[in-house]
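What follows is chain A paired twice: with chain B in the first complex and chain C in the second.
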Partner chain A sequence: MTQLVGTAESAVVEGADTAPVAPPPPAPLRGLQQHATALRLGGSLLAVILGLAFASMAGSYYVFVGAQFFAFVIVTLSLNLLFGYGAQIVIAQGAVVGLGAYSFAIMVRHGVHPIPAAVAAVLFTMLSSLVVALPALRLEGLYLGIATLAFQFGLSGLFAAWDAVTGGQQGLALPQVQGAHGPFNNDQFWFVVSGIGALLVLLGTGRFVRGSGGRAMAALRQSVYAAQTLGLRPVRWRMLIFAISGAMSGLAGVLLAGQIAFVSPASYSTDRTLLFFLAVIVGGVRSVAGSVLGALVAVVLPQLLALLGYTDNESLIFAALMIVALITLPDGLVTLPRRLAALPSRLASLRGSRRAAFADNGSQEVGHDGK
Partner chain B sequence: MASKLARPLFLGAAVALVASACGSSNNTTTGGGASTGASTAAAVKATGTPISLGWVGTMSGSQAGVIAVEKQELGGAQAYFGWLNDHGGVDNHPVQISIADDAGDPNTGLAGAKRLVEQENVQAMMFVSGGPIASAVQPYLVSKSIPLLGTAAPLLCFFQPVQKYTFGELTPYEYQGSALAQYLVKTKGAKTVAYAGFNDVSGKSFGQSFLNTARSLGATVTGTSYFNRGQTDFAAYISTLQGQKPDAVGFFASIQETAAVLKAAQTSGFQTTWAWGPGGTNPALVQLAGPLAEGTYGVSPYLSDTSSDQSVKDYRAALTQYQPSITSGPYTQFGYVLGRATADALKKASGTYTSEAVRTAMESLSGNYGMFPAFQLSATNHLLNRGIQVVQYKGSTLQSASQLINVDPTSVTPYPCAA
Partner chain C sequence: MRTVIQAIISGLAQGSLLALLTFGLVLVYKATNVLNLAHGQIATLAAFIAAIYLTPNDMPLLLVLVVMIAIGAAVGLLTEQVVIRPLGRASLWTVVLATLATGMVIQALTGLLWGYDEHFFPYAVGTGVIRFGEYVITNQQLLIVGVTAALVIASTWFFRRTRTGVAMRAMAGNRVGAEIVGTRTRLLQSATWMIGGALAGLVGFLAAPQQFVAPGMMETFILDALAAATLAGLGSLPGAVLGALVIGIAGQFSSLYVPSEFRDLLPLAVITVALLARPQGIAVRQAERAV
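Now for the complex of A and B:
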């Protein structure tokens, strides 16, 4: 079955629903492709070494922002999996992340060791995501979005109102577990854990979307009926990506809760959900690298603006930059290198067409004069 | 399908962000140092090295009411420092407020606090937004021995027992609620009261105290209701009140919800004695509710800003000169008093502006600023203001309806902080 799908979907490339068959890469790149696994492993190892060096040398502020960035990478990847690859409009990611955070916090407060608590929180969020997936079995597009938005509102209300369990609007503080951080301080510990989590999720998501899962998603995006004729079961695939995305969001929730040792409804509100969406779309829909760029924009850019002294109107500048990014790069920041590479040929083509138009105009004017 | 929907979804989110960014506040530099009122210092501009203080506030996001209030608080502090920097600063050092926008999110607030402490080297945090943001930020400040000079969520639990690095300039909600109930029952003779407020720690702590005091004074509570921030439809609530017919209603919300409940009451022809919490006690309410605000009551931790007391005159002059675009109200008074107390603590630290020196100086601060009762901070008392005044809307201003009173601390039960 998978083989069949793979054949049918060989024409679909990442980032485009209707793209033609991708041209073969240049010879040097073909050589690199043959060693892709080794390159990924090497790159991952390098990232871990650089991350550890950063965590040991950078100040607590930078390490904290880095940890937040890693958690956001996981959230944007989870949303991209649903929204980009799965074409499921889900406007509840903030609440789903909150489920992971709250369930982790509640268990730790009840004396469960953080590691089993984190595993249980991820599993619980994964199962809960299947509840969010139920409307997806009957609804599509914006109708599904609205149904999931109701889920967001409901969970936000629950976080805020269930005082006895969630601490209500005041939230819940997480107790510090003595000796749990090993050789690291609190910020370094969560940076390392979040970084490893983000790296594993990145590699796993990349593998999934490049493999049969990605091809099945692409087939279902283009035509559910055509995909069914290939033997794909849309319900099964939808539930699967909801479950995977839910587990990823649960992990992000655990990390976000651990990083500040606190959970409250404000961190998992509709505002947050919109920010996650923004990150995915600005970074690049249906792109793993785009998810990383989106997280960078959502977490690091506001801090960068603040460091540069734009504290008066940081959010206004941020919003303006986002609008400019979408207008100039509608397919996301991830397409920037491709667009820059194509710029000389586009400019040349533009100049050529202008010359042609000018020549054409000149001849028309002559014609108008009738002389 | 997703790609077709991506652009409109993004544009919607971007427009929402731009709209929320309109709440952005000005970040200005002001000075500090004089321990006397504004009317007594000579006009000599401070030219020394600036002293940096941190401010973590909600400047953007979807909570318009919170943004408006915190803008007023910041404006009040900037007004005082503006005046002070033009009058010698702190031993010739101008005082600078470094701002971090928490966007209403504890994670962002903590990142901002870390930036201020570690990158901008602030020695004290003047202000951190209340509720969950303060809960997330405070452990970090304590770990760095950075004193927090003004808590935005004035809850008794922050001061009983005293926390070494936390100070407060605002009368706790528990005292405010109690004072309002006392006024309605004892002075206005209300025999039945109802209460409605935000479904959060501020609305609940104020409400619990309001209701307990009313009951203890013999009044009957006809009903209690909590609602979310931003609610504008109060028709059903007014309908319920019409059935209960309370003599007075305590209502804790921002001016947006306060104006909305007044309009709903007018539509239904419902009349009662309305009494607002601090969020509704703001002259800006008149801009939203017009004449409907006339005659309603509210609580203010400070003397009414229309008072002829010299301290209030100094405050009004500083606000007019240095923050003319900010509407005066209890929250601007809070910022102004916070600025003044901070400046006095810095001066007391006499040239050693380390976090510990500022904390120690703050802990031994005493005085009478005029706008609220005289105070004496100590190792066992970090709360500057326990006073309250009931005010009434007359014309477009707030006029004193009661004396400035000190609430008996033993008469109220503290509301619990974050679990």
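Now for the complex of A and C:
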């Protein structure tokens, strides 16, 4: 068995997958892992209480940003599932989220009640994602990237130019429903709804990637052929991943459209796709916690830039950060503590090896002592 | 019938321009296994600098062309040094995302430095046309077809017959193996990116007059080129040209029969149709054979 995995690893299709199994956590955390379910429940409860407290006390601007953060958590998890766990190079996240947002907005504007409209938008986005999955069954790696980039550009162009349906560059405004939010005001309402959505998606995704789904994904990433010999069906898994990811994107699209009560081409452009990728990569590819962290960065960063008075060209900053992140922190922020913890020993070993090298030189060339 | 034939003629000319763009993509891919999604923006940058600083001051167009090629080569080299080299032997998707981001950085910088207005760019050979019978081809189109044809022949020779060309193919096929037999891959990689950038500068020179110069001027173009590359396989230069011609003609027909708001869906449509026609995969097999 180990032999098989070993050979599979040497024939890796997707290069980055050198550590499929997470390293064991440091000693103090090991005890906690035995009570993982209880911890998760407790954490969720705490998050709900903190969230409600935040929604009732914070200013409406912060409540709005909080709701955005929740929607971004869903988007980032959706992309991470497809791109990280599923190893599918799909450069169309902005467009897919946009499909959810636009379909929701268009239906609501035509008088459909928001709740069935939201459900229909999620289903529609899921189906569209399956359409994107069709080339994924035929195309590998780069070619899939190109095909999906074409999807992104095509839809961006459609959002911007198809005036009759999408409102063109002006976008579409959603009608406000008076008195539909119960005890909440508009911002609080979307904060609560998005929060519940994000929490459920977070728990669900976590469960999926820890369970048999995650193991199947890991096997398929290593070697499709080896996975097939174990009885896994690559096509079925790929479709499933696209469907789940699409549904999540659709939900996020509905939430984003509802929060701002507005959809426009710029919100679902290629630049946006890059921002979503930035969230995944800065947070950590194939890490659920990393996705939350990445979403936080992706939401706070534009607000921070606006605060600093820089609003003309956000994508410059995003793109530049992306390059820096890819070069310096390819495994994401989640690995930062582990890396920092490992730093002293790494420095020591570095020093040690340098000293060893010097010593080696010294033995050959008289007059050089280790300095 | 007349419009159809005229559309094919214009499509072939447009396809030649696309072929030139696809060419730069395939060249870099063939030698370094990197898909340079910043290629279009490099062309735009060169065109911008020329349209703002050079052509308004009546610099001779031949000199403008040389400068644009130099700018393209410099930006290509810069991209390689700043982005590609530090990434080292990172995975496929890392490099794709990095070049996508690089393109956005260049595009954003262009907009930031020179604004989002459209700039005029002169035709290299005037605005004259040549008529044969009832059909028309512009001088510029003829020039583009000529340049593309010359480059196709030159590069086929380059990759088949010169030591450098063969070394580039060897590097793409097996980098370590190429290093073992003495190929200086680092130098070669830099050279490849410079040539790719230079080609982008050339495309900028030829495309700018009909496009007008603006930060997003190559966006539709580069996507058409990517679709062309997908049709034929990223590793095949003749295939890339053929794919580009197909897309060029398809683009002309779509402008005749399809409302313009759906124009951006063309690359996607072509890729989809090709997938339906050849479900075993349009590109993969060809690409493998070509390496």
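Convention: the second predicted complex is superposed on the first by the 291 of 371 C-alpha atoms of A that agree within 3 Å, B and C clash if a C-alpha of one lies under 4 Å from a C-alpha of the other, contacts with A are read in each partner's own complex, and residues count from 1 in each chain.
Here, a residue touches a chain if its C-beta (ideal position, glycine included) is under 8 Å from a C-beta of that chain, and two chains touch if they have at least 3 such contacts.
Since the model is a prediction, treat every value here as computed from it, not as a measurement.
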Touched partner set for A:75, first chain B, second chain C, both or neither: neither
Which of chain B and chain C A:252 touches, first, second, both or neither: neither
Partner chain(s) touched by A:241 [first = chain B, second = chain C, both, neither]: neither
Touching partner for A:147 - first (chain B), second (chain C), both, neither: second
Chain B versus chain C as contact partner of A:83, first or second or both or neither: both
First, second, both or neither for A:330, with chain B first and chain C second: both
Superposed model, chain A: greater residue contact from chain B or chain C: B
Partner chain in contact with A:138 - chain B first, chain C second, else both or neither: second
Touched partner set for A:271, first chain B, second chain C, both or neither: both
Contacts of A:319 with chain B and chain C, given as first, second, both or neither: both
Touching both chain C and chain B, counted on chain A across the two superposed complexes: 83, 89, 140-142, 161, 270-271, 274, 277, 281, 312-313, 315-316, 318-320, 322-323, 326, 330
Residues of chain A that touch chain C when the two form their complex: 14-16, 83, 89, 91, 134-135, 138-143, 145-147, 149-151, 153-154, 156-158, 161-163, 270-271, 274, 277, 281, 312-313, 315-316, 318-320, 322-323, 326-327, 330
Complex contacts: residues of chain B adjacent to chain A: 1-3, 5-7, 9-11, 13-14, 16-18, 20-22, 24-27, 59-62, 98-101, 103-108, 110-112, 114-115, 117-119, 131-133, 135-136, 139, 199-201, 228, 416-419
Chain A-facing residues of chain C, complex: 35, 37, 83, 86-87, 89-94, 96-98, 100-105, 107-109, 111-112, 219-220, 223, 226-227, 229-230, 234, 260-269, 271-272, 275, 279-281, 283-284
Residue ranges of chain A in contact with chain B within the complex: 17, 59-61, 64-65, 68, 83-84, 87, 89, 140-142, 160-161, 167-173, 221, 256, 259-262, 264-267, 269-272, 274-275, 277-278, 281-282, 285-286, 302-303, 306-307, 311-316, 318-320, 322-323, 326, 330
